[in-house]
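Next, two complexes with subunit A in common: one pairs it with subunit B, the other with subunit C.
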Partner chain A sequence: MRSHARIGFVLLLTPLVLWLGLLIIIPHIDMLLISLRERISFGVYEPSLAQYQKALTEPLYLRTFWRTAVMSVLATAITLVIAFPVAYYIAKMARGRLQQVLFMLCLIPFYVSELVRTFGWMILLRETGLISNLLQWAGLADQPVEMLYNDAAMMVGLVYTSMLFMVVPLVTTLESLDDSVVEAGYDLGGGGISVLREIIIPHAMPGIVSGCIVVFMLSLGNYLTPTMLGGKDSLWFTEMIYNQFIVRSNWELGATFGFMLLVLSSVIVWGMLRLTGRTLQETMG
Partner chain B sequence: MKKTMLATTCLAILGLAQTATADTLRLLTWGGYAPDDVVEMFEEQTGHTVEVTKSNNEEMIAKLRATGGGGFDLAQPSQDRIMGPQMEFGIYKPIDVSKLDESLFIPSMLAATMANTTVNGVVYGVPHVWGTSGLVMNTAEAGDVVKDYTDLCDPALAGKVSYRLKRPTLIGFAFALGEDPFAAYDDEAKYKEIMEKVEAKLTECKSNVKTYWSGGDELMNLMRSGEVVASMAWDTGGWKLNDDNADITFVAPASGALGWIDTFVLPAKGQADDAAYDWINFVMQPKIAAMITASAGNFTASAGAEEHAEEALKAKYQASFPIEAIDNIKWYPPVPAGLEAIEGDVLDRVQAAN
Partner chain C sequence: MTPDLECVDLVKRFGATTAVDNVSFCVPPGSFFSILGPSGCGKTTIMRMIAGFLEPTSGDIRIKGGTVLDTPPNKRPVNMVFQHLALFPMMTIADNIGYGLRRKGMARDQIARKVDEALERIGLPGIGARKVDELSGGQKQRVAIARCMVLEPDVLLLDEPLGALDLKLREHMKIELKALQAEFDTTFVYITHDQSEALVMSDQIAVMNAGRFEQVGTGQDLYYRPQTPFVAGFIGEANRWKGRIERVEGAMLEMRTETGLAMRATGSGTLSKGDAAEIFVRPESIHLAASDAALSDFDNRLQGKVTSILFNGAASRVLVEDDAGETLEVTLPQTGEFASMERGATVHIGWRAAQAICFGGGD
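Showing the complex of A and B:
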């Protein structure tokens, strides 16, 4: 009987172990080894820390690194600010059918691929695009307006891309908030802001934290949106990794960048959890 | 019993014979180099099946490097990208020219490509499609200003120019600045110096650029909508746009267009060499080569294919390339290892500059 249970356990565990081992752990170990070597000459490599030294001393790499981190945090914050009222409306104010319809509306843009969505923004924002023409038609602009290829356009794209991943966890946590608790808050003399601060936000905290973590990861690892909407000034860290691996054939530096990104995202997620006083277990469970 | 044995053996032999003559050719190539009608004709004639994967130089090499030269049976990187990667990663296998019908090739182009792709006395590549990059512009709006790459930085065109942030741009600007980067290929210090000059120019020029284009379609849209009036691009791009707008065309810059040749190479772990040789011999026939020219827009190294090419394309080619411009084409020599690291740093700094 016990051996049966053990076989069942092993069988259930196998896919997970294979998944983690083959797709995550082994490639990462390989990446780490690649990042810790230096090319000497044709096909000759020696272990060294030269890549990390280069990545940490070259101002360009560091600047891009921090820029990507700060912009991702900013994108996460903006997404949260926009998504919270939306989620609150869907979870608490809308009823029945309307609730489902609104939720579907959030979901529908994700039926098409990210590439198509980004192209959609390009059609709207470009110099000969819809918004520019509309402004000229309305007499608000006397010449074509270029809204593409800058940080604002990139931010719009990032927020739009990750909106759903903030709305879903927020709706789920807010739905579990008992209306009578909010009512009690008002009965006890609380105003709109104090009820929000003392009751709604603390209750929604697990949703906020998990939403933020997902959105932050998505923004940090996004490649398409910064490349297509950001134009000539926006060097995103993922773009640098792509460049090193594919264009420059410099896998050593690319792997180093990859590890820096991994460490950065881990540190920021850990910081976020510390800041909100939560454990990973609470947030994910 | 004996009969069954015999039958099975026969079947097995037949099966083996089948695999020996009819292979699957996994072709790693550029868009337009293996049009559907050519693939169909080839499959009908030889019985092989062709799986086409479209890519570009960098990705081809990255893909082959990741597998040590496996996953594909025939690839088409540019001739300057064969020697370096071969010495570095050993991703190609020698090409047996005796299995090819040499009479199908333009002799001078075949000889030049073979010389450029020889490592340790062994030939790795033969030529297929060639073309140039230079200036694609709206001659009505920018024709008077832009004669060379550096004219893209003219304030008169602020916000209306585009180019790629890739090595052809660096090389083109170096020539336009009066340097000869190809002559400095073997002199790393000198090359660095040239690239520093180019970097200063590109950084200064940055405010003039609308965006750095990365895909051909992106540039087409920018030019077609009139948002960009002058850019650095491939000749075919200009000729295609010429069909929609007679003002837009390809112009060879004063310092010379940059010439490239895409080749055929055998990846080191390719499994269908015979099919690969069959494909090369098939597509180099003048009539087939003309079909590829029609689809890719560029001419091939096939001898006698011009006769079958479209008149319209020939006319555009002659308009863009007067005789002296042809003589002035700068053909890319093989890239020595190490230079791309210098170029990479320059490109990164230009992109991050404000």
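Showing the complex of A and C:
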């Protein structure tokens, strides 16, 4: 019996170990090693920190790095502000069927691929697109308006892509908030804002933090949306990684960028948890 | 004296159903008023209308003489202790109690003093820094009351707050709630489906059924002088017989039951010969005896067989099947006289007409 249990345990553990080992740990060790070497000539490499030095001194790289970080934080904040009322409505105000239907409506856009969804925005926002034509027809613009290829369009795309990942954890935590606790807040003299600040938000904090972490990581690592909706000035850090690996075949610098992104997201997530006084265990468990 | 709380012709409809049907009552200052009824009778709806979470379809709610219909819940001089207490789990006990005072914009040191005072009053000094989930059920109960009482409301509403406690603690909290009410000297309006809670604590009880008040009175009124069949059946236990009136002599009636027994009872209301009627007799009003002779001064006497003994300490009962085949519940006195009673024994039972109450209808 004992040996059977042990075989079962090993069998259950194998996929996890394979997944972690082959797809996460080994590639990352390899990436780290690649990023820590310099190409001397064809097939000859030397260990060095030259890649990191280059990445941290070249203004374009550094600027893109910080821009990506700030824009991702901004996208996360905007997503939270839009998703919170939506989640509150779904969790607390809607009843029965309406609740299910609304939840489904949040989910349905994710039935199609991100590429198709992003094309949808392009159809709306481009020069010959729906909104441009509508503005001209209404007389608000006298020539075609281009709304694509700038930071605003990219932000719209990022927020839209991340929405569901914020709404789901928020709905889950808000649903567990007892209605009578909110009523007690009003009964004891609280107004809408103080009930929101002192009761609803503290209760929803685990959902807010986990939603923010997921959305932040998705935005930071997004490739498609910034490439398709962003302009020449809205270079995203993932695009630079892609360029180094695929276009320039400069694996050393690409791996360095990859590592910088990993460190950045870890630091910001850690900072977010510190700021809200939560542990990763509480948030994910 | 102006009543603390007055409801006038209160009606609440949800679509086609009438949850509260023309209810009027007054609660004098400083009294403990209970609304007692089975679940779904509309008592919670009344409470939520008083608190301001529901708007009445028609009628008026007055607190200290002034209408509060246009006052939102956060401005009404009433506070509510919720069924599951609804303490704020994200705050400490002191922050919970101070919540309402902070909303009033009171100075920080003043709040701290008031919170300490309130904790002192409920007998839990020094627990202010603790979290809600570190308290026991009874302590939470007291904190929930203190959280409302620091605001000095005109009326405190309590929505079945003892429901979640275990039996022993519930018995204890009944006495404690009554003591807290005297301590704070505030009007309490208490809703419950548990008659013993209502009977033990209240100055006045309203028995509610299907959206209406059946009877309002003291516990004794409801128990000894029920005015409707519902109250007679709901407060305490009762054996009941249906039948037709055969004779009327002033307040005394004689009814022939469906199984052919003649019974004497006291009538309430206007019954005359031939009317359909129903008689209620409490198990504790029925005397048990070994012989018929011992029961000679009782108006109603029966002979029967013990079919079952329901032993429950002081509240023990026996089930007696009479000759007509009907089963009666009779309280078994714990005086030692019937200690050797066994199933199948023949017993004689009797009760006075004054303790048998007869209502019309009953079909």
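Keep in mind that, in the parts below, the second predicted complex is superposed on the first by the 280 of 285 C-alpha atoms of A that agree within 3 Å, B and C clash if a C-alpha of one lies under 4 Å from a C-alpha of the other, contacts with A are read in each partner's own complex, and residues count from 1 in each chain.
Please note the rule applied: contacts are C-beta pairs under 8 Å (C-beta built on N, C-alpha and C of every residue); 3 or more make two chains touch, one makes a residue touch a chain.
Keep in mind that what you see is a predicted model, and the values were worked out from it rather than measured.
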Subunit C versus subunit B on the shared subunit A, clash or fit after superposition: fit
Touched partner set for A:P202, first subunit B, second subunit C, both or neither: second
Partner chain(s) touched by A:E146 [first = subunit B, second = subunit C, both, neither]: first
First, second, both or neither for A:E114, with subunit B first and subunit C second: neither
If touched residues of subunit A are counted for subunit B and for subunit C, the larger one: B
Where the C-alpha centre of subunit A sits as vertex, the angle toward subunit B and subunit C in the overlay (nearest 10 degrees): 150
Partner chain(s) touched by A:E127 [first = subunit B, second = subunit C, both, neither]: first
Touching partner for A:E38 - first (subunit B), second (subunit C), both, neither: neither
First, second, both or neither for A:K232, with subunit B first and subunit C second: first
Touching partner for A:L188 - first (subunit B), second (subunit C), both, neither: second
Smallest separation of CA atoms, subunit C relative to subunit B, angstrom: 47
Subunit B to subunit A touching residues, read off their complex: 58-59, 61-62, 65, 85, 87-90, 159, 166, 206, 209-212, 214, 225-227, 337, 340-341, 344, 347-349, 351-352, 354
Touch list for subunit A against partner subunit C, complex: 178, 180-181, 183-191, 194, 198-199, 202-203
Touching residues on subunit A, where the partner in the complex is subunit B: 42-43, 60-61, 63-64, 126-128, 146, 148-149, 227, 231-233, 235, 240, 243-250
Interfacial residue positions of subunit C with respect to subunit A in the complex: 51-53, 72-75, 79-80, 82-84, 86-91, 99-100, 103-104, 147-148, 151
